[in-house]
Amino acid sequence: MNIDHDKIFRSKRNKQNFAFWTFRILSFGIAGILFWILGFIVMHGIKVISWDFITKMPEDGMTKGGIMPAIVGTLTLVAGSIIFAFPLGIMAGIYMNEYAREGFLKRFIQVMTNNLAGIPSIVFGLFGMSLFVNKLHFGDSILAGSLTLGILVLPIVIRTTEEALKAVDDSFRIGSLALGASKWQTTSRVILPSAFPNIITGLILSIGRVSGETAPILFTCAAYFLPKLPHSIMDQVMALPYHLYVIATSGTNITESRPIAYGTALVLIAIVLIMNILANILRRYFGKKVKTN
Amino acid sequence: MLTVMEEKIASTEVPIIPKQEIPASNVVEQKIKIQTKGVNLHYGEFHALKGITMTMQEKTVTALIGPSGCGKSTYLRLFNRMNDLIPNVNIEGYVLVDGKDIYERGVHVDELRKNVGMVFQKPNPFPKTIFENVAYGLRVNGITDKNFIAERVERSLEQAALWDEVKDKMKKSAFELSGGQQQRLCIARALAVEPSILLMDEPASALDPISSAKIEELIYELKSKYTIIIVTHNMQQAGRVSDHTAFFYMGELIETNTTKEIFTNPQNIRTQNYITGRFG
Amino acid sequence: MQKLFLQKSICNRVKFFRKLLERLIEGLLMLSGGLTSLIVVLIVVFLFREGLGIFGSPSMETSSVLVVNKSNPIKSLTAAQIKNIFDQNITHWNEIGGKKDTIILFRIDDLTNYVSEEEVGANLENVPACLNKVVDSIPNILAFLPANKIPKNFKGVIVPSEKISPGTFLGGKEWFPTAEPAAQMGVLPLILGTLLVSFVAILIALPLGLSTAIYMGEIAPDGIRRIMKPVIELLAGIPSVVYGFFGLVVIVPLIKNAFGLDVGETALSGSIILAIMALPTIITISEDAMRNTPRAMKEASLALGATKWQTIYKVVIPYSASGITAAAILGIGRAVGETMAVLMVTGNASVMPHSILQPVRTIPATIAAELGEAPQGGLHYQALFALGCILFLITLIINLSVESISKRKKGERH
């Protein structure tokens, strides 16, 4: 049998080149999409952003003025939800990784946590409305909204904590326990400090996630327009993502409020971007520190 | 280009083995198959091979021995450019196969690897059928003729002394075979593409003594057609199967000679210590 | 002697308290560990309590009734028939199995066309009696009347309104939850809309995502991978309203012009945005799976002269098939549940989807758009919660199947 090896080699190399160039181009295309979206919003939004924009109330049916109450609202909701979710999530993560024994219970909790993480955000909205707003009579309020958002990030916090703890070398645990330290002493003085950088980075990223969520706050706290800032946790609030939705789709004058929409989108993206950069800086900083030690 | 290269090699002092010391079976014709000259390899900062210059004859078995971590596998993986897969590897010097520098620009690794087969320490069949495992190399090299593939698969399995054991279960998963059978399957897989060189990295270390003996027997038979380089920790094995032996220590080639010479009359004290089991 | 004893007892007490503290902390941690399970249970309870209420409820509000003449053989109407009659799509009784005659629709406002103002009375006190007379005198009447105006000795026949069953709910092709006289609670167009938008999204996202995963995992040099990682992370971090807004101002006009449509808010616009949003999930998970291919497998293939590409599609992809499947399923899950972006770009027409260049409405978008206007506890409100249940069940199935895929994978390795 006569086999033309040269031809075969050429053809398979050509196939590889073709495939690899396709992948390369598609991948850069996807990175391109990100930069397109970012670029588009930044280009249009930057014209609107000013000190007044972020410190003033909306005016003229939200076609002029600023978005200060929405920024304040979002920050309030983020604060409210993390006050609730971070401690509980970290504790749950510690339990799962340090205390829970392999077996049915652990497996069950894991499956439940994964399920919770997979539930769409609008379902959290329904749940929050039915439990916090109606059943517990919180009404549309910061409290109801924060709790709903808190439940939404809880599985993320748990997973982050678990991953961070898993990355801690077992020799730390064994070493500390061997010295006669109790389980909690080991966890709190040895394990947690070394897992801390990873936990913090994960948590910072989750803040970005919370600040952009819309569906869960639609029916639990978000207000279309409020003339003044909220006074208590039982008040409604404006929030950036909901504000963007409203002025982009159903405001009194969609074309005139378009610049405001770009500005709002930019502020939202800026929050996410800052959180991402912060997380990456911390990752690098802690990474270096660990190495030099 | 080539002639320049050959001149360079001709002018270097490589330990040419005197004729009378070559075992009878290899007297037929001596041809240099593989040659390395001043090869330095770095894994990042780590200097893993230090100026290795060595020659391997065609259709002989060369054993690479030395304590763990001395660079045997690294050296072996030079010849089919497997080290290229590892990031941060830096290679200097010349590696010649059939007189051609395989690290030169324009050399295609797939062509090289078709010619230089490799058997790994742990049997690593694909999660496919026995037949498909052996046929894999043919398929990826563009052969589509069904009869040809079937014939070649059978012949390779026969060469690897596995045919009789598997001929009735070619459609079964390769994982159903025993460890020793899996390793012979991997040898058959390597033979199917008809390489001229076979690299074996501790091919019998994960196997039981009987399977191990079978592999040794196989190597002995294969050397009439292939140039074989084998890494082994087992001194008896090296003594039984190889014609030449090279002793490595901390990335350096300490001594290379005929196996008989190395085992009976080592020139270097470290070689002597190693083969007599005083360290390593 | 005594001192020593005292010290010992203090020592014991300290030890005791420390042990107690340990137990306490462990209990606390355990409680928070169980929190997610509790929340899932609560979600199920609250969602289904409201949502299941819809089954067995009449499709008409109890404050009004439909009435026919007692000579009319038709004694019941489905919600769909009622709607068709009032939309004038059905004009004769024989179309729904009755007599040959035209259906005469009657609403309370029409009363003065049949009786004089005096008969009704200055204070409308005689309305029930008049209604009685009118219904009794017109054999082909179908009257839509307020329940409190029906007199005691009523001569007409009240048509019992159809109860909403899982069959009519899931199989119904019309979604007009606020339609009068009978609400149309068919969620089939919403379910199909959701599935259509999501599947097209995955069809777009899967090849793109896999390509990127292969590029990042197997081809790209370290430097580029280090840049791509945060890019993908950021893509995952962009809020869905921002995607929706971008879709609204960029993708929608693009689709409109590209296909010469009247409106750019189509299923395709939604799918494109969802595809972008599902990409990070698909990329990260499938890249992870590919990275788990044992090095020995790849080396074995390369050592036989296979090219990198051959190794990828003959060894790496088959080996990570289950991970890639999981990635696709999770991507679908992400798409099915996505609310804001879809709400903003798909046009939200609750019709049975026929083409991807038409507006469609998805389940999450329906909930988001309508829950604000649905009175708490009403039929519409319950229907939206029932939609939430469907969404929950879909995502539950998705999560559990991913769970079982990854479990099987683990089993294989051992």
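Letters A, B and C mark the chains as written, and numbering starts fresh at 1 in each.
Criterion: a residue touches a chain if its C-beta (ideal position, glycine included) is under 8 Å from a C-beta of that chain, and two chains touch if they have at least 3 such contacts.
Predicted model, so just to flag it, every value in this text is computed and none were measured.
Participant: Comparing chain centres built from Cα atoms against the global Cα centre, which chain wins on proximity?
Facilitator: So the chain sitting closest to the middle is A.
Participant: More contacting C-beta pairs: B-C or A-C?
Facilitator: Counting C-beta pairs in contact, A-C comes out ahead.
Participant: Could you work out how far the Cα centre of chain A sits from that of chain B, in whole Å?
Facilitator: Their C-alpha centroids are separated by 53 Å.
Participant: Rounded to a whole Å, what is the gap between the Cα centroids of chain A and chain C?
Facilitator: Each chain reduced to its C-alpha mean, chain A and chain C end up 23 Å apart.
Participant: Approximately how many whole Å separate the CA-defined centres of chain B and chain C?
Facilitator: Centres of chain B and chain C (C-alpha means) sit 61 Å apart.
Participant: Of all residues in chain A, which are in touch with two or more distinct other chains?
Facilitator: 12-13, in rising order.
Participant: Going by the contact rule already set, what residues in chain B reach two or more other chains?
Facilitator: Within chain B, residues 110-111, 140-141 contact more than one other chain.
Participant: Would you pick out the residues of chain C that each touch at least 2 other chains?
Facilitator: 307, 310
Participant: Under the stated contact criterion, what part of chain C meets chain B in this complex?
Facilitator: Contact set of chain C toward chain B: 222, 294, 296-307, 310, 314-315, 318-319.
Participant: Mind listing the chain A positions that touch chain C in their complex?
Facilitator: Residues 12-13, 15-16, 19-20, 22-24, 26-27, 29-31, 33-34, 37, 40-41, 88-89, 91-92, 94-96, 99-100, 108-109, 111-116, 118-127, 129-131, 134-135, 151, 154-155, 158, 182-184, 205, 208-209, 211-215, 218-219, 241-242, 244-245, 248-249, 258, 261, 265, 268-269, 272-273, 275-276, 280.
Participant: Mind pulling up the chain B residues that touch chain A in the complex?
Facilitator: 108, 110-111, 140-143, 145, 148
Participant: What residues on chain B touch chain C, complex-wise?
Facilitator: 80, 82, 85, 87, 109-111, 113-114, 117-118, 120, 122, 124-127, 136-137, 139-141, 186, 189-190, 193
Participant: Considering only the defined contacts, which chain A positions touch chain B in the complex?
Facilitator: 1, 3, 5, 8-9, 11-13
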